[in-house]
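What follows is a set of structures to go through.
Here subunit A shows up in two complexes: once beside subunit B, once beside subunit C.
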Partner chain A sequence: MEKKMFRQYLTLVIPGLIIFTIGIIVPLTLSVRYSVTSWDGMSVEKPFVGLQNYINLFKDKEFLDAFWFTIKFTIGNTIIQNVLALLFAVALDSGIRAQKIYRTALFVPCLISALIVGFVWLKMFSNVLPEINKIFGTKINFLLFGSSETVLGGLLIANNWQWVGYWMLIYLAGLQSVPADLHEAAKVDGANAVQRFFHVTVPMLAPSITICVVGITTGSLKVYDLLVSSTKGGPGRASTSMIYQTYITAINGRQYGYGSAMTVTLVLMLLLVAMLQVNSLRKKEVQM
Partner chain B sequence: MKGKKKQKFEDMQPAKKANPVVQILMTIVALIYLFPLFVIVNYSFKTKKELYLESPLALPKSFNLENYVAAFKKLDMQVTFVNTVVYTAISVFILAILCGVTAWAIARCKRKFFKFCYVYFIVGILIPYQALFLPIYIIGYRLNLTNTRYGIIFMYVATGISFGVFLMTSFMNTVPIELEESARIDGCSVYRTYFSIVLPLLKPAMATLIIMQAFQIWNDYLLASLYVSRNQLKTLTVSISSLFSAQSSDYTTAMAAIVISVLPIAILFMSLQKYFIKGMTVGAVKG
Partner chain C sequence: MKKKMLCTCMAAAMAVSSLSGFAMTASAEDEAVTLTVLAGQSTTDAGIEDMIDEALAKVYPNITLEWECVDWGNDFQPKMQQYMQSGLPDIMIGKAQDVATYAPQGILAEIDSQYLDAGLDAARENVTIDGKTYGLVYNALYQGVYYNKDMFAENGWEIPKTIDELQAIIDDCKAKGITPFASHMVDTWSIGNVTMQFMMNDVFNNDPTWGDKFRAGEVSFSTDEAAQTAYQYNKLIYDNTYEDTFSLEQTDCDARMVLGEAAMKVSGSWSIQNFLAIDENFNFGIFPFPNQTGDSKLIFEPNITIMTSASTEHQDAVNKVLEVLTTDKDLAVEIYDYTNTAAMLKDVTPTFPNPSQEDIDKYAADGMIVDVTLGNNQLVWGGFQEENAKDIAAWLMGDATFEDALAASDGRVDASSAS
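And now, the complex of A and B:
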């Protein structure tokens, strides 16, 4: 009986396992294999070069620039998005009227393709927002995509406009499951609003914080679509991300071996960062 | 337990007094968030003359649909729109069935193999498919999956399955196991138990899954641009990018195309929103 059920459960899992293996795991192992060759993507033979590609990566200025841009973009996003999302969630949960309307207004941008978001903000910065200067006679520089100093800021604005509402919804869900009597008890003990936030709300939100931090980080490390339609990696190479650089190297430059080494590096980074984050954040969850 | 929690939440509501300052601040925030959406819609109704002569913030004088007609023609929408609907609908349908049964088997069968499966799938969440675009592209043309409908659908299913399994597994704890046990005593097979007992209880989870996967697939650019180069198979998002890359100043047409491409997903979200919010609440908290 038990064996029969096990076999039936197995038939439910197998199709998904096969599809996932062919679609994700096989490509992953393939890229490890290609990364030690100098394959050009077309020829039959794939000359073995050992770890040469990885050694070259650390001397490749273009790759290192892309690496640092991606890191800066990710750190910026993780901080801004988490803080804003939590702040807005707490504000919406504080019993304001018409909560649903605010929730929808903030959430809708994440339903739009990142490609479109990039284009819309390109037009916002170049055509729409400068009108504010005309109306109020101010001299704010809105051409954020125009110089390499401000392009990161501009992209962070566009990306946060798109995603804050999504993470806010997860925080909001977490907040609504915090039992009210915990707050009451803290109040009786004489804790003020700020103390209650940091000692009651934040610890109770720990699982949501884990999801949001890991989600925002992995989401930012993979940035590509947003850049294609807004900055095209520029000005110069100031906003070229790791995936963008991989695309240029492999698809345009036909260096599939070298591009694969970039892919493997990014994958290792993703796994390392996620493991570090989950480990340190889960510890906090247990403590409470 | 669940009912009790809800009760508490409702009891709590009147105790919370709305702070007018918070209300005003959030109204400003919401308006800032809505502003780019207003800009898109506003542009989409402007004539060329209004675009060049008037402020970008000025409202169009008449309700003119020229840009929508132009967008429809330029993007070949009777082809691209239908393609996108077909890819999204079929992929999401397969994902809904596949992720549901996979997650249920993982949650119910306590053997080690199923624990391993869970971890195996989770790896896919930590490595987004965009990071693997190069080998995914290579395997695509090796297996003759590029430039075919089933090829891109296969890839959307493969890239969406991790998140789906993760989401559905975190949901399974909310399905009372007693119901399933009594069904089994009555002699139901595993399959029947799932489809007639478990699936109807998964509505919020399914709504969450459908929305999340639908907007990812609908909006996907990287995979669609690599996998499909033939015009008859192109998706809406990929063909819209052709309006962006041309250095043309003709962006009123692009804005109309954006409105058309966002509307179906927005409508899907609005119609499933009730379940979706519930789904997020259970799914996110259990994590």
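And now, the complex of A and C:
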């Protein structure tokens, strides 16, 4: 019986394991191997340089700038997207009229490719919104992608517009699974709406918060496609993310080895951040 | 009788064998072949693949081209790197400067002289390495300062040859409320492009091996005055263009130029499509961006350059495609008219209205035209020029100093060469 179970287990696991190995493990292993070479991506020779690429990373101003941009983008996204998604979820869970329409309207942007979203917001900031100034005679600066001081704000608007609806659905599902009697009991104990939200709803939503925080953080650390169609990492280098910098270094700059070192560093960073977040957030989850 | 029978048999055998031979040849010719094509296209080129397919189908219906069209600036090099690992397409269409990048890797086939002879000699030099030509240059773009001819005539402005003369026009423009230059710096490539135009006239025209000296440590951006001057011209443009240039795309920028909001635009033939699409009567000319010595030349860039794989299994079919491209003059004119570009085939003249053609002819007659492939081979686009452009943009916006931008270019010296 145990043997049969084991065979069934293998039958289910092996296809996934093969795909995972070919798609993730092999490329990652190759990346690690290339990261200790100065390979240009074209030549047959792959000269071994040891850890030099990793040492150079920490002296590379362009990489450090890309790192800081990615961190700022990630922090901004994680805070704004979680807060907005939770607020929208609470609003839609409160029994307002036409909530299905609102839910659909908020969710639809996440069905669009990030490339299209980038292009749409480039046009919005450059062509559509400035028309408002012409119509009303106002002087609002809508050219957010045109300056290094405002480009981060513009990208946060575009990214949040796309993804808030998606995370809102996760919070909404979490809210709908909170037992009503907990709220009733808190009410009987004299808790007002705000107290009930922070002392009943939020603790019960902890699993959803874990999913959303980790998902938004790792997604933001990997931002690339939004930038390709909107700012192309500019103006100048003001919105170049780590992945974007990796791509232009490895492919356009023909420094495949150095680019691989960037990739390995990013993967380690993603793992570390995800582990820290999951560990700290899991401790706060309430077990029913 | 025996002799007669023998002769008849031999004649019959010969007839049968030649017929069967003919049949074999015919079947080989008719054998369906699919050639893969990687086309790195400029903004002007999208759509020419249908024209080539149509022309090829008329002559060689058995040959099918399987196109993969990508943006040359962003995607051609990544695709080539990918295919160098997995196997090259049969035909690759890029720019002349790609030959210097890929031919030394031994992956390109030499182009047969029967096809090369159909083209102008002017562009052959920069696609020839060690006496072997690896690229067939099909068309060319001109680069310089496009100007509104009517506006120049109305204001009595002469074509400037020196920076002082250009500055006088800029000052007059500003006094009259005209934006001197149209520009779209949201596209960082446009900064890289104009910087190479400046470098050609102030650096490479005087020292064609400046890039080699740069790599040898004999010159640098931080120490070379001419190179610094070329970078500084970007500031001249930035100070005299639209405030929203870092939010403005090419189409909108070209539209403003056509609508008379700006007097000049440092650009290339790729703007002509937009100019004429917005107003087919727009009257524009072109002159080279003035340099310090007043002898700047109009720049031409061999654009569509056909390269073939050294390891193709269908060399005959590839040659037939080259044959169609070099002998079908109707196809050539159709492509030149569609892309609004100049012919690089002998005895083929585009028929699209090009008000700047008389300027081009004048500079050509005076020998004041230079091939930008020289500069692009000395300092490559991918990984060097396009990265420098980002630093120049950062400097223009005040996020970095001029010295930072120069130092960044110097620090990128290892990426400045294709080999």
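The working rule: the second predicted complex is superposed on the first by the 285 of 288 C-alpha atoms of A that agree within 3 Å, B and C clash if a C-alpha of one lies under 4 Å from a C-alpha of the other, contacts with A are read in each partner's own complex, and residues count from 1 in each chain.
What we mean here is this: a contact is a pair of C-beta atoms (placed from the backbone, for glycine too) under 8 Å apart; a residue touches a chain by one contact, two chains touch by 3 or more.
A quick note: this is a predicted structure, and the numbers were derived from the prediction, not measured.
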item	value
Which superposed partner A:176 touches (first subunit B, second subunit C, both, neither)	first
Which superposed partner A:49 touches (first subunit B, second subunit C, both, neither)	neither
Partner chain(s) touched by A:225 [first = subunit B, second = subunit C, both, neither]	first
Which superposed partner A:131 touches (first subunit B, second subunit C, both, neither)	first
Chain touching more of subunit A, residue-wise (subunit B, subunit C)	B
Touched partner set for A:260, first subunit B, second subunit C, both or neither	first
Partner chain in contact with A:27 - subunit B first, subunit C second, else both or neither	first
First (subunit B), second (subunit C), both or neither touched by A:96	first
First (subunit B), second (subunit C), both or neither touched by A:85	neither
Subunit B and subunit C contact sites that coincide on subunit A, given as residue numbers	41, 127, 251, 256
For the subunit A and subunit B complex, residues of the former touching the latter	5-6, 8-10, 12-13, 15-17, 19-20, 22-28, 30-31, 34, 41, 88, 91-92, 94-97, 101-116, 119-121, 123-124, 127-128, 131, 134, 161, 165, 169-170, 173-174, 176-177, 179-181, 207-208, 210-211, 214, 218-219, 221-222, 224-225, 228-229, 243, 246-247, 250-251, 256, 259-260, 263, 266-267, 270-271, 274
Of all residues in subunit C, those that touch subunit A in their complex	77-78, 81, 84, 105, 185-188, 244-249, 252, 382-383, 386-387, 390-391, 393-397, 399-400, 415
Subunit C partner contacts - residues on subunit A that touch it in the complex	41-43, 122, 125-127, 143, 145-148, 232-238, 240, 248, 251-256
Interfacial residue positions of subunit B with respect to subunit A in the complex	5, 8-9, 11-13, 15-19, 22-23, 25-27, 29-30, 33-34, 36-37, 39-40, 43, 55-57, 98-99, 101-102, 104-106, 108-109, 111, 113-114, 117, 120-121, 123-139, 143, 154-155, 157-159, 161-162, 165, 189-191, 194, 215, 218-222, 226, 237, 240-241, 244-245, 251, 254, 258, 261-262, 265-266, 269, 273, 277, 280-281, 284-287
